[in-house]
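The following pair of complexes shares a single chain, chain A, combined with chain B in the former and chain C in the latter.
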Partner chain A sequence: MGKLRLTGEDVAMNAISALAVMAVFVVTLYPVWYCLIYALNDNVDSIKGDLYILPRVFTLENFKTIFRNVNVICSYGVSAARTLLGTLYSLALMMPAAYALTKRGKLRFYKFYTAVFIVSMYFSGGIIPFYLLLMNMRLLNTFWVYILPGAVGYFNLLLIMAFLRELPSALEDSAMIDGANVFQILIMVVTPLSKPVIATIAMFVAVGHWNDWFSTAYYTTDPNLMTISTYLTKLVQEEQAKASMQSLAQNTVTKQMLAADMLKYACLIATIAPIVMVYPFVQKFLVQGMMVGSIKA
Partner chain B sequence: MENRRPRAKKRGLTDRPPRFDREQISLQVMVLPAFLSVVVFSVIPISGVIISFMDYKLGGGLFNGQWVGLKHFADMFSDKLFLRALRNTVVISFLDMVFCFPAPIILALLFNEAPFKRFKRLAQTGSYLPHFLSYVVVAAFWKIILDNKGIVNNFLLSAGIVNAPVEFWTTPKYYWPLTVIVSLWKNAGWGAIIYFAAITNVSAEVYEAAIVDGAGRFRRVFSILLPAIMGTIVVMGIMRLAGLFNASFDQSYLLGNVFNRDVSYVISYYTIELGLRRMNFSYSTAINLFQSTASLILLIAANTYAKRKSDASIF
Partner chain C sequence: MKKTIKLFLALTLVFALGAGCSAVTPPPERPAASPDARTGGAAAVDVRFDWLLDTSPVTLRLFEDWPGGVDDPSLLGIQKLQAATGVTLRRSYPTAWDGQELILMLASDSLPDIIVMENGAAWKSNFIQQARDAGKIWAYDDLIEQYAPHFKELAAPEYFEMFKSDDGKTYEYVNAIRTSLYSQKSEEYGVVGHPSAVLVRQDYYDESGAPDMTTPDGFINGLKKMRDAHPNLIPLITPWDTWGSPLGNFGEQFGVAPYYAADGRIYDQLRSPAALETVLFINRLTREGLMPKESIIEGTDVQALVFNGEVISYLWGTLEEGKVPDDNPDTIYAFLKPLNTWKRYDTASIGGWKSILISKKCEYPDRAVRLLEFMASEEGHKTLYWGEEGPAPSEGGAMADLAKGPHYYIDASGKPTHYAEYLAEKAADWDGAALKSGLRQICYGEDSYFRDVVTWNNDDPLTIKEKEIYGGKIEYVPEMSIRVQPDTPEEEIKIRVDQIKRDAVAGILFAETEAACRAAYDGMLQELEEAGLAALEDYYTAQFAELSAIYR
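The block that comes next holds the complex of A and B.
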């Protein structure tokens, strides 16, 4: 195709679109990079500013400092635990449900189930009734407030169902003839074939858990339940409070403040690191999963 | 692949309900945990909206409090703070609709036309990333970039465009445009994925026929691709319109501060502040009920309209 004659229009289109792609690439990734170079730069040197491309005085000291901080380690651990458990729990609920819901002709009360799921998607009682429910269930200020409430999302369920419908039914049928029951079919036949959609949903759910700062901020008070996102929120908000006071006090900047500033960069990078590291491995599945889902759902 | 029959048209003798054999019980057991989870955490709280017709007090049962009828709903419209939250919500969502809704469409069309396959794929993958970052992180990034000593101000200063650093985050008039920029950065890339899917579905035959007929690149984009993804655009538009009263709490809380609070606080922020901080449960729930009812009406209206005008709709 490219070897064909290019008309002026082609050249224009290529140029415009190529520029747009370049711009998107730079604009999306530069903020992350910018933080990374500050996090990796010696923080006395960083005060001079003007760091744009690469760290000037490379150091891992900032990361060492934040990982010496008990609060950071503790909240990192809580985040990891809730992400792992929460994702497993969520998948354990949604996979069988999605599988059964694809058996539309066989499953009794199919319409009732679907109606309830749809209502749950479009209407909610709002934050207060939900809060009161958590209170009555004695979930406030426990680890379980992270795991139990948001486990099933209808949107995710629809994505899984869309994927399962595309699976060839021959394998299932032959397993059935061999005398396998539906649980065995789900675990031994369907699940291994569903890796792309499981990866996709696991990523969605895991990211939701890792990034959630709201439940920690509003449903817990116990410092032992602090998660990394919420810790970061506090850090950033405090930073801002300081910064606004500072700008009121005519830009008097102490070294200490700036050192704290640099730690913020390291903390930011540490917070996104797990996501960024997993992302390249999952992104292929994500796109696949979303494509199937968005066409079907 | 489709080996089950299409649903029986006639209800009656031919449409026997499946029996409660072992398989049926197994299937029920598979659905129930997820179903119960949704019932407990999403459906039961809906019944809690009745406290918006009461002066609810903490402790005791759900009916602990006096019935006050529509008092809270009447209060809403004389509450200046609520009206301002409503205005901020509508303005922010409207700006979002004008700028952030078309962005993924344009992005998808441009990416589709772009040369350099490999780099393109890399940029595309990169553009999805912000979607997976917490709003906390996103807010922190943009605060850093637009800080007094941040890269944008350094650039503006050294280029001589401004004489003093622009106080992006503490000047109320910049807040609304900034929400657009941050939302674009966070959502435009990922939003495009659904349009990519729609573009992939355009049949190659139609496309080739157009080339043979001498349609140029621009012509092909506007006469083939755009109409082909119109259905998707309409569906996304409906969802977007239904979100007119739902501006992001995260955005409001994390980008807002004492300086821009007047323009940054939205309904969700106000209800959470009222309810969870000031324990004004009933009033907060009333506002929420108003908000979700209005959203639902908008959704249904938009959907009906779209159904009449074109075939696309979400239900």
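The block that comes next holds the complex of A and C.
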């Protein structure tokens, strides 16, 4: 097979595309790289600034500060558990719910369900009623406060519904003719064909769980339930508070006080690294799944 | 089959809708206290110290709204408190400084025993008002009368007079305020604290012939000379958070008082001629290029530039003297003599670090108020701030060990004074010294005088220099400790007034001509007038009269 000959226009277009992709790559990656440089540089030296490409005085001290405390492992565990369990639970609810909502003619009270979902997507009772609800449900200060509330998001549901509507109905019909019931169709026909959308939604939900500091901050007080993002936020605050005590008391600032602020870069890296590592494993599904957002639900 | 499908789909949806509903383990409950546990030791106690009436072990839950703290029962400070009062403090902190958790605790009727808020927190007044109206917090007057009658003898009167609510009772104890005792004693011992000051690079200052910078013209000319010699550096830099009004931290340089008193009335300070003079001076600095727009930046950035030696001078406090820029280890930043017109007016509104409330959920309100009494008293400061007493250095006394002490001695004038070794350890590693000694770890009852008196040292060169320059220029005016009550029309006006002042800063300071600066200033005053400043000033005048009746 002969090699395809590129015209001048093709070469130019390829070059422009490559440059554009490179630009996006740099713009996306550099902020993370910038944090990494500061995280790996000596804190007192970092005060001088002008760190752009590589650390000037290499150190792992910031990461040692983070991992010195054994609680950090527990917090990673809590974050991992809530991410895994929360994602599975969300998917377990959303897949059948989305499937049901695609059966407009067959589902009794379809409009009612849709209305309830839409209202909940646009309006909320506010933080105080929600807090009181959680309190009355005895969810405060339990692990389940991470999992149960907010397990179903209508936006995600819409994406799944959009994908399911694109599946050929003939597949379901033939399964039904073969004697499959609705559960079997959902589990054995629809779900395997929905891997891209499942991967996409799983990623959305998982990232939401991993990054969520709000639930830990306001709905739990037990240190054993602290997620990694909250733990690291508290660690940075603790270091800053120590430093600011002297500043407040004496109205003076030392280099050590300024250096305490630099810990935040290492914390940022420690927070995002685990979830970033998951992306490559679901990337092939994400590429297809991302497309569903462009289809009307 | 159809029915099965419908049933399944309906159940799935109902389950999905009710995703947030599930009951799990109930929240832990505090064990009820046995009345028998309250074993008073009244027979052997000093009756002046109410906290000694009952030192049986109890635990009090404290929530502090400032993030960054750690609840560590093994802290020496916590143990010292426990040994002295029998109270174990279990503390908790939020993740964000937004007051949200306090609101949630109030709404869900789950306030802790003691609530600590930053005095400057934007939500403080409203929270206190709501908690008071809902009957969720104690008035100190009631608790003191019933359980701690000596509290008012052991703490300065300002603590109970300055923060009265509109029902005449005090619901918040604001620590570390500037009291009359502080002013009287600091004058007696000849200390002036650490005033705000302009710090200048000594090498550049000397290089420019050490000009006299104690007049507005002298200051500008001196700074110009240094700027001309080092055009790449920023001549004068200030932290942005000092610019709540067009005066910034320059008001003291022209002796601007917290309020302007004239014709038997109290006016906003910006109406005073000294305030206008200050503003025109700052405007001259900006027009001469001595304070460009990049001069007003985040405090940490100011400090980073100072360490890098990238600024000629900066506005901060005298205690900053001695900072060495990285590019020249042989020089320091030293504070300049202020303008001849420098004067500072101290009020009880100065300071005020944390506001402490006792909730009605507290099972032991007697112990809570006595705990605060202990922390606020001299006895409490001996335990939590001063440490162990030892002989004076003239008698061979010195700090032997940071943990065991001794940490302070009584000087010839009878004043408690920390050993120089202790202060050096503290300055080198503030938090480390606190961890080892247990001192300055628990600060809730902090009193400005008891806190600072041990650090005053008349032999210290910086203290001597400060006294020489600022001595006799500080006046205590408690009658100007004016507070605007929350949820009042005056508070609404005050919020608008403060916003107008903040918004006007850039336009006034960076006006391109003096005439434009004056016009912008007049425009701001006009806006303040329209926002109801006159009504606010009526309020100031009435409160000034009340406070004058107490203090004058």
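Keep this in mind: the second predicted complex is superposed on the first by the 201 of 297 C-alpha atoms of A that agree within 3 Å, B and C clash if a C-alpha of one lies under 4 Å from a C-alpha of the other, contacts with A are read in each partner's own complex, and residues count from 1 in each chain.
FYI, a contact is a pair of C-beta atoms (placed from the backbone, for glycine too) under 8 Å apart; a residue touches a chain by one contact, two chains touch by 3 or more.
Computed from a prediction, not measured in an experiment: that's the story for all the values here.
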First, second, both or neither for A:238, with chain B first and chain C second: second
Dominant toucher of chain A (residue count), chain B or chain C: B
Which of chain B and chain C A:216 touches, first, second, both or neither: second
Contacts of A:140 with chain B and chain C, given as first, second, both or neither: second
First, second, both or neither for A:84, with chain B first and chain C second: neither
Touched partner set for A:115, first chain B, second chain C, both or neither: neither
Touched partner set for A:273, first chain B, second chain C, both or neither: neither
First (chain B), second (chain C), both or neither touched by A:127: both
Touched partner set for A:100, first chain B, second chain C, both or neither: both
Partner chain in contact with A:183 - chain B first, chain C second, else both or neither: both
Set of chain A residues, in rising order, touched by both chain B and chain C: 49, 93-94, 96-97, 99-101, 103, 106-109, 113, 116-117, 127-128, 131-133, 148-152, 181-183, 213, 218, 233, 240, 243-244
In the complex, chain B residues that touch chain A: 1, 3-5, 7, 17-18, 20, 22-24, 26-31, 33-35, 37-49, 51, 62, 107, 110-111, 113-116, 119-120, 122-123, 125-130, 132-137, 139-145, 147-149, 151, 154, 167, 169-170, 185, 189, 193-194, 196-198, 200-201, 216-218, 232, 249-250, 254, 257-259, 268, 271-272, 275-276, 281, 284-285, 288-289, 291-292, 296, 299
Chain C to chain A touching residues, read off their complex: 1-2, 4-6, 8-10, 12-13, 15-17, 19-27, 66-70, 92-96, 100-101, 103-104, 107-108, 110, 194, 196, 299-300, 303-304, 307-308, 316-317, 319-320, 326, 353, 430-431, 434, 440
Residues on chain A engaged by chain B in the complex (per definition of touch): 2, 7, 9-10, 12-14, 16-18, 20-22, 24-25, 27-29, 31-32, 34-35, 49-50, 52, 93-94, 96-97, 99-101, 103-109, 113, 116-117, 119-120, 122-133, 148-152, 154, 157, 166, 168-169, 181-183, 186, 203, 207, 210-214, 218, 229, 232-233, 236, 240, 243-244, 247, 264-265, 268, 271-272, 275-276, 279-280, 283, 286-287, 290-291, 294-295
Contacting residues of chain A [partner chain C, same complex]: 47-49, 93-94, 96-97, 99-101, 103, 106-109, 113, 116-117, 127-128, 131-135, 137-142, 144, 148-152, 181-183, 213, 216-218, 221, 230, 233-234, 237-238, 240-246, 248-253, 255, 257-258, 261
